[in-house]
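The structure under discussion is supplied below as structure tokens; questions concerning it will follow.
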Amino acid sequence: MNQELKEMKSQYTPEQLAACAGAREVRDGEVVIVGVGLSNLTGAIAKLVHAPNAILVTEAGYIDFKGIATMVSPDDPYGGTLCTCHTSLTQVFSDQQRGFMDVGYVSFVQIDKYGNVNTTALFGSGDYNKPELRLQGSGGGGDISSSANRCVYINVMRDTGQFVNKLDFMTFPGFLDGHDSRQNANLSGGGPSAVITDRGVFRFEEESKEMYLSEVFPWDEDNVEEIKGMVEWNLKVTEDLQVIDPPRPKEMEAIRLLDPGETWTIPNLMERPTSKILLFGGLLEGKRTFEMYDKIGELYESSWRIMLNKRLPI
Amino acid sequence: MNQELKEMKSQYTPEQLAACAGAREVRDGEVVIVGVGLSNLTGAIAKLVHAPNAILVTEAGYIDFKGIATMVSPDDPYGGTLCTCHTSLTQVFSDQQRGFMDVGYVSFVQIDKYGNVNTTALFGSGDYNKPELRLQGSGGGGDISSSANRCVYINVMRDTGQFVNKLDFMTFPGFLDGHDSRQNANLSGGGPSAVITDRGVFRFEEESKEMYLSEVFPWDEDNVEEIKGMVEWNLKVTEDLQVIDPPRPKEMEAIRLLDPGETWTIPNLMERPTSKILLFGGLLEGKRTFEMYDKIGELYESSWRIMLNKRLPI
Amino acid sequence: MAEKDFKTRLDKLMTEKEAVATFLHDGDSFTLGGALASRRCFSVAREMIRQKKRDLTFVDTAAGVETTMMVAGGCISKLRLGYFLMRTAGVKIDDTILRAMRDGVPNPLEVEDFTQYQLAMGFMAASMDIPYMVTKSGLGADYLKYNKTIKMANDPFENKPIIMVPAISPDVGFFCVQRADRRGNAQVFGDIWADDVKSRACKHVVIITEELVSTEVIQKYPANTLIPSYCVDAVVEVPFNCHPMSCYGCYGGYFADYTSFIQFVLAFGTYEGALRWLDEWVYGTEDQFEYCEKVGWRNLMRLVKMERSINRLPE
Amino acid sequence: MAEKDFKTRLDKLMTEKEAVATFLHDGDSFTLGGALASRRCFSVAREMIRQKKRDLTFVDTAAGVETTMMVAGGCISKLRLGYFLMRTAGVKIDDTILRAMRDGVPNPLEVEDFTQYQLAMGFMAASMDIPYMVTKSGLGADYLKYNKTIKMANDPFENKPIIMVPAISPDVGFFCVQRADRRGNAQVFGDIWADDVKSRACKHVVIITEELVSTEVIQKYPANTLIPSYCVDAVVEVPFNCHPMSCYGCYGGYFADYTSFIQFVLAFGTYEGALRWLDEWVYGTEDQFEYCEKVGWRNLMRLVKMERSINRLPE
């Protein structure tokens, strides 16, 4: 990879790459059900940058919320702000099963070649009841993957154990065994349309419904073999490999506003601005002062202020 | 019937007798689902006179409304006034099937000896599709009779064709074929507890679930045979016949406030105060003046004013 | 346009004439929001009659005076209802439905009886795109004898009798609401009836709003947004669209407008009277605005005063 | 008292200690209102731990940090959930549940996985007292392999695969709300999660309100009365009962109180750390008022300021 590309890549964290690439899956005016963290940030970027009329929804019951900050969970108070409709999970998921959700964003731990996903447990040498690693389970993903018209998976790509031949537990139904097995299972949603990672975007063949590498970032154009190496099965690659535009200035400005504490784009807890405020404030010695609360409040409130007063999009 | 009793009876219309007797079925604090007209007036009298903590409910979605006037339908605006909860029919009837409605008031056209009711059609020489007389159908009654813990039927008693051996159509399930046939049918509610009329109150035997005459007004103590004559089957009469207290002053004052236009206690449309205002105002000659609207408005508003400002009960 | 296309537009405002012409076709099944005396789409019912719609199936938990009007106007060939308003305020008002059923005047009429909750469950199944819902409402009664829709079976968990109501999805639903924005976010204040499930059950949804407002106004009371814009195909703004019935917080109906009520009752005593009434009040008025002119704006304002003396919308 | 008696009382106010002691018994199944970061009954979770409740089954659409706390506190023997919070804000926070599942520390733990909508349908069936609900959520996935509750069958109308979820009726449910009156009319502002169906599914319902208000205050926004008094057994008024999480319109949580969040995450990295945390923050505080004292009322007021700068309750 030449120096200039390496230089360019180093400006972004893997999460920022995935978030920006993921945001572009949303078309203006679409109904977008989002989850937490990356999946939430992605929807918020889309609304701020290129899809101002997108209707953002979370399973907690917020329909058409403004997206003034990345939500730490579907019921984060940011979701309630200037939100058109407050309702229930029962109503949101009923509307989803009815077919009103155009696209849904979900994360994944293990994924197989037909877009089925495991976020329940890694058995390792154990089993379902005594797994090596217990994971979050369905969350909204079980329902989004079942019923959203398009399901977009988004996560940072791992070297191993992520794109696997066989899942320990199928939490999200993708195209099941390929071809029309999903349809025969009577699932209402259209199934996965894309798998967005910091190393590339994967899509599914029309007929066989098997995953293939569709787009890569400029600095990965020569790393297809390396990417294939991170996938257990013999990954198909499209002849017509497209290049993903690196994060655009507006997208990066959106991330800066949406994630003031850089919670979602800096993996290590201790290196985040919010954590630094507390650690230098003496939390590790058990100190809990009003000033800590005040500082963190200011850090977040400043970005809300901009969002609330600014006529969107930026 | 001696002169004094005849004198007493003449003070009340049949509807007023039924309404007052019916209101006494409500115990304070109970959840009471009511319909229109008589069944609505009865619940409102109870709340105003002896059950101030009763929770009045209608199928339109009003839970714990104040009852400032008799409602012409379950969704009459009076139901919304100072009402604790505005919700949907879907929620109210789900709560009823769950068992939260203590007592429900419903009217009836035909009733048989096990408390099954027809309010759908009188076939006469025709049939279901071409009946002699088409009636309102289930309304809320089909659901109240199915699921309220106690169902109270209320109506003025007719000489013939009302207490019948065989219904043309069973709209409200009572005790079906008697004994435990209702339970076996898996109906959730407790079934009918009383049939309230201006000629007496009927209840149902513990074991056989067959209807019997339980209470009569003072002037009807010697008219049991006449009442039996209005019932097609050989009506059972309790040895221990009770006397229904005639309408009490507070109950009559409640009726006066709740039904200013005497819509529910004067059967003939043309003799009601509201109709008289219009007919003398020239409606029959097609005149439609603002003054007519104003007069009727005043007639109703004066009684609301009293109810809204007066700390209930009277 | 496919079902989806109308729903994705950002500005869905159109006239009532256009909405009825676009979304209601002869032979369609339809439902109306609210019921009986509250948020009932009388202006749409009048418009259907004006456009001489035919052979419609009307499916609803409860049908009132507007159904009498539509049956007399010759629009309806089938009623699938939980309630037929035959008497109101103790007065027998309706031979219209019986006349159509028995004598086929103005046209033959088929009826199918449900309990109201059975119908709500049919709408709920359609609103979730599941094949059926189960209920215990109406067990043991005679609905199954004549109703070709509902089934009875023993449930697989407790092996007890249960009624199964298949999904009921009307081609179009017209919903009167107090406030809506151009994109179709529709707010309801007061009783909801079964609009929570109906609004999702229908293939097309037309919002008839008393007042067109900006989205900022909607955002003040988000819990009242019953119907989000993604369910909505069109938005129509016409005043007093529920007259002669009421709209919570906006204007009183029925008793408040006893004048219209008595006039209607007297007219619909006979078929000829009904037709005269239709000529005067429906065919005789070009649209809802002319209708309001005929009732009298000052009279209508009196109904506003009556309602707002007991119920007011939060501002 | 039978299920009915508590619900018929006119004044249901009691202390949190009394409510947990009265309605939650060892071996019971229970659920909590809200979820994850909104209207979540942390004060009740702390009280359960103080009262050393054992062998409880917790059933809910989503479980968060409060479940980590209850599992570490030894209260829970079974989790029937649609979501287990294992990572938050990108940080792995939970070995507690894995430790209990694998090593039986502090006690063996059984889990049962559902999708969130499957659970909502189980609550919905119980809320209507029908044996089951059907859904298409989770078809083809592995839930049926390990889940002993849900079934799969072909539906009788379209003969296609469908998932049947039997009624799920927890012995008791604790619901945090912004406003409630003494009789139990409970109002929710903001997201409702599955409290609409949960509040009817439970045999007993305890309302934990931020603010006890008169019924007149409730009547101002009747559309927000999610849980009417006839569903409610008891009312408890304790401030900041969702801390360290948030309550819409009242106070911010999580990021707003990053201090508590980081302290919790660091402590629960190890079992010993978790026990120390419980000693300090749960056993070490007599009740919710002492807990607030320990967090610091001035700090809590900062969280109020943060929330009210973006969301305010209508007055």
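Lettered A, B, C and D in written order, each chain numbered from 1.
Keep in mind that, in the parts below, a residue touches a chain if its C-beta (ideal position, glycine included) is under 8 Å from a C-beta of that chain, and two chains touch if they have at least 3 such contacts.
Note that the structure is a prediction, hence the values are computed from the model and not measured.
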From chain C, the most remote chain by mean C-alpha position: A
Interface with more contacting C-beta pairs, comparing B-D to B-C: B-C
Mean-CA-position distance for chain D and chain C (Å): 39
Length of the line joining the C-alpha centres of chain A and chain B, rounded to whole Å: 58
Chain B-chain D separation of Cα centroids, rounded to whole Å: 42
CA centroid of chain B to CA centroid of chain C, Å: 26
Chain D residues counted as touching two or more neighbouring chains: 128-130, 135-136, 160, 162, 189, 196, 223
Junction residues of chain B - those touching two or more other chains: 80, 86-87, 91, 97, 188
Topology of the chain contact graph, where touching chains are joined (line, ring, star, complete, other): other
Each pair of chains that touches, named by its two labels: A-C, A-D, B-C, B-D, C-D
Chain D contact footprint on chain A (complex, rising order): 36-37, 58-62, 68, 72-81, 86-91, 93, 97, 116, 120, 126, 128-131, 133-140, 142-143, 146-147, 167, 169-173, 176, 181-182, 185-188, 261, 263-264, 267, 269, 274-275, 277-278, 283-284, 288, 290, 292-294, 296-297, 300-301, 304, 308
Complex contact set, residues of chain A against chain C: 29-31, 53, 55, 63-64, 80, 82-87, 91, 94-95, 97-100, 188
Interface residues, chain D side, partner chain C - complex: 128-136, 151, 153, 155-158, 160, 162, 164, 166-167, 189, 220-221, 223-224, 314
Of all residues in chain D, those that touch chain A in their complex: 34-39, 61-62, 64, 81-91, 94, 97-98, 101-102, 110-111, 113-118, 120, 124, 135-143, 145-146, 160-162, 189-197, 246, 248-249, 252-259, 262-263, 265-266, 295-296, 298-299, 302-303, 305-307, 309-311
Residue numbers on chain C that touch chain A, as the complex places them: 8, 10, 127-130, 185, 196, 200, 215, 218-219, 222-223, 225, 228-231
